[in-house]
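The structures considered in this document are given below.
You will see two complexes here that share chain A, one where it goes with chain B and one where it goes with chain C.
The block that comes next holds the complex of A and B.
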C-alpha cells in the first residue's frame, strides 16, 4: 500500500532528507518547505520505504503538489 | 462544577519513534544552551568573596540564608542575571525569587553580603521595584534578608536619585503596607544610610545581635567636615584618625532594641533570625488550597522532558504548541475555548496543581486553506490575524469575569500587516486586546517560548502589561526584538541603497552597515541579553517551566483580593454551550 505525501502549502523545498528506497519511520522528517519566512517540516505519514521522490532542493511547489510516495 | 473540572478533555499525544529519532539533535542543542545559562548563573553565585571567607567571619552568605529560609524544592529564582547597567560585579547585588516559607508562598529578596557587604549598585533599585510589584500583583508577603552597607559611593549618580532610583523602594514598601501586604525583614551586619532605610521600612524587624541600622554610618559621623578639598596633610590626619577611631557604629541592638524598640526581636545566632521569619510566616493570611482547587493535583500525562524535543531552538522551525502545553498542565487535560475560530492562537482552561488557570499561546505552522478569511495569502502561525485577536479579547475578558489567572505563551512574529490587514481592523483589535487586559484584574505570567516581536509582544500580556504581569520567563530559545535584524536592516537602508546606486557610489559600505545592524539585532535579542536587560525576569530550563507555573498558580490562589465562586463561573458554561 502506498501513501502520497502532499504539500500542505505553496513554498520552496529547502531540504530533502530522504533517498529513494530508504526506510522511514512514521513522523520522521523527510522534507522541509520554506514559506512566509518559516520552515514547515514534512513528516513521513507511516513506517515504510520511500518509493518516489518528486521534488528536489530549490523546487517551488504549490499546495497539494505530490512531494513523495511512501510504500 | 465538578463535571466541568474533575476530568477535562485529554489532549496531546505520545512522541513516536520517528519523532524521538529526529529530535535527538534538538535535545543536545537545548542541553548545550542551558549549560551556557547555568554557567552565567554560577558566575552570579560566585560573585564577591568566597563563601568560606564569609563563613570564617561567622556569617552566612545570602545564598546560605535563603537556602535555610525557603522550604526545600520551592525556590523559583527571578532576576538572577539582571544587570542592566553592566556592573563589573556582574549583579545588581540583590537575590530574589518566589518560594515557600513554612508552607506559604512569599516573595523573597536578600542582599548579597559577599559583594561589597551588600552595597547598593546600579540597577538594584529597578530590581527591587520589580520585586515589590510582584508582591503587589500576587498579594504575597515580602520577606527581606537585609545586609546592606549602603551606596557604592563611586557610582552613586547612577542610582541614588530619580523617579525609579534607590529611594523609591521605600515608598513601594509603604504602598504594600497600605495595601495590607506585610513585609518581614531579617537584619544582619552593618546597615547605614540606604541600608538603614532598607531595614526600617519593612513591617516587622528581626535583628541579629551584631547588626546595626542607622541614618548614617560611622564613616559619615566621624568625617562630616568638608574643607573644599584634600591635601597630604589632611590625608595623614585622616590616616591617624582612622587608625585610632574605635567608636561603635551607630544604631546597634543596644540602641534599636533596648532604647527605641524598632527591633521587634533580637537573636544571638544567624539561623535564629531566619527561624523568627519562618515562625511569622506560619501565621500569614493564606487560604487552604482546597478552597480554590477545582480538582486533585495531577502530573501531566506525558513527560515534561519531552518539551526539549518539541520546541525547536531554530526560530524558523514550526512545531505543535498544544503538544508542549500538554506536558505542562495537570493530567494533560484542558477545555479549549473556541477551537474552530482563530486557529493561530490556543485559548483554553487547564489545571496546574489542581488550580484552574487560563492558557493562551501562539500556534505555529500553516493555518490551512482559506485562513485568514479576509486575505488572499496563506496564514502562518506565530502571526496574529483578525480571528485570533478577537478570540483573545473575548477569552481574557471572560477570565477577568471569572477571576481565572492567565498564563501566556508567546512565540510571535507580529500582527498581520498591509492594507488588507488594516481593513480587517488589526491595528484596532490589537489595541482592543490591550484594553481587555487592562480591564481584566487577574494575575498573569508570560513565557516567551521563542520569539517576542513587534506589537504582538505588547498585546499578549507581556511585561508592558505592568499591572497584570507578575513575571515573564524566557527560555534558551527566546529572542525579543521589534523586528528581525535583517528586516530592520532593509527598513533602515533600502532607500539609501537606491540613492547610492543612482549616484554611482560603491554599495559595499551600505551593505556592511546592513550586516552590522542585522548582527547587532541578533546579539541584542539572545536569552542572556534579554535576562541582563530585564526583557525577561529569568531564563528557565524548559523542563522547569511547570515549576514556575505551579508557583504562579499557588501564589495567585494563596490570598486573592477578589474571588468568583466556581459555580458562578460563566466561561466553562460558554465553552460547553
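The block that comes next holds the complex of A and C.
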C-alpha cells in the first residue's frame, strides 16, 4: 500500500531529509516547507520505504502538490 | 519548582526592589533563615536576578521581571517562565506536543543559549532582551495560518508605537524596524496532520534593554533609542492584550483575512520601496507594489512584470546600491 504525501500549503522546499529507497518511520520529519517565515515540517504518514521523492531543495510547491510517496 | 521557592520569588517581587531580611522571609514562609538562604542560593544559581546583602535579599529590577506573578490575572496563568533555555521555540514545541500549555500560552526566557532564527541561523539572545514564543492551537486550515504571523507583527508594531511612541514599521513579512535598524524578529513553525493544524508556535525576539550592535550591526534596542531602560513586562502584557484581541477575531466563525491584512498594510513600510528578495538560489529585485490578502508581496520587476513573492528575505535597497 502506498501513501501520498501532499503539501499542506504553498511554499518553498527548504530541506529534504530522505532519500529514495530509504526506510522511514511514521512521524519522522521528511521535508520542511517554508512560506512567509513559517516553517512547516512534513512527517511520514506511516512506516515504510520512500518510493518516490517529487521535490528537491529550492523547489516551489503549491497546496496539494505531491511531495513524496511512502510504501 | 518547589512551592517554597515560588513563594520566595513572589515575596521578593512584591518587595519592589527593597531588601527583605532572611529572618523576615523565614517567618513569613514558616521556615528557618538557613533554609531561606539555601533556597535563595539555588534560585540565584539557576539564573534568577536576586541580590544578597547585609540587609537581606532583593529582586533586581522588579518592574522589568518576567516572573508570572508580576503579570495581570488572565495572562500570568499562561506564562511559562525560564531563567535560561536552549530556545523558547524548542520548549514551546515540546509543551505543545504534550498539550501542557494552553492556546495563547507564552514561553519566555531571560536568555537563550541556542536561540535560532530562520533556517537554523543563529539568533543572539543575551540578557535584557525579550525572547518568547506564543503557542496557538488554531482551528483554521493550514493555508490560512499565515494570518497569525501578520497579526503578531502588526500587534507588535502597535504595541511599541503606543507604549513608547516609537516610530516603528513592519518590513514584509514580519520584521519590525525602527528607522532602518532591526528592532524585532519573528519566525514561526506549524505542525500539521492531514490538512489540520496541530499547533502553531510564533517566536519573537525584541531588542529591549540589551545592546545588540556588537553581534548584529544592523540591529538596535529600545534602550538605545530612548536612552533609558524600559519594562519588558509592560511590553509583553500589552502585546498579549493586543495580539489576543486580534486572535479572537481570527478565531471567530465569520473571520475574513482582509480585516487583518488591511490593518497590517497600515503598519508596513515595504509598499512603495525598492526591494531585493533573496532566497537561497535566486535574487529578485523590483518595486514593492502591494501586499495582498494572502500575505504575498507583489513586486514590479525591472521588466515591468508583476511578480508574487511568498518566501525569501526582503531587503530595502538604498539609492546607492548597484542596480
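Keep this in mind: the second predicted complex is superposed on the first by the 71 of 71 C-alpha atoms of A that agree within 3 Å, B and C clash if a C-alpha of one lies under 4 Å from a C-alpha of the other, contacts with A are read in each partner's own complex, and residues count from 1 in each chain.
The criterion applied here is as follows: contacts are C-beta pairs under 8 Å (C-beta built on N, C-alpha and C of every residue); 3 or more make two chains touch, one makes a residue touch a chain.
Please read these numbers as outputs of a predicted model, since none were measured by experiment.
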Touched partner set for A:52, first chain B, second chain C, both or neither: neither
Partner chain(s) touched by A:24 [first = chain B, second = chain C, both, neither]: first
Partner chain(s) touched by A:65 [first = chain B, second = chain C, both, neither]: neither
Which of chain B and chain C A:10 touches, first, second, both or neither: both
A:44 touches, of chain B and chain C: first, second, both or neither? first
Interface residues of chain A shared between complexes with chain B and chain C: 8-10, 34-41, 43, 63
Complex interface listing, chain A residues touching chain B: 8-10, 24-29, 34-41, 43-44, 63
Footprint of chain A on chain C - complex, ascending: 118-119, 142-143, 145-146, 149, 173-174, 186-195, 200, 279-281, 295, 310-312
Residues of chain B that touch chain A when the two form their complex: 16-19, 21-22, 314, 316-318, 364-366, 369, 378, 380, 382, 413
Residues on chain A engaged by chain C in the complex (per definition of touch): 8-12, 14, 34-41, 43, 45, 57-58, 63
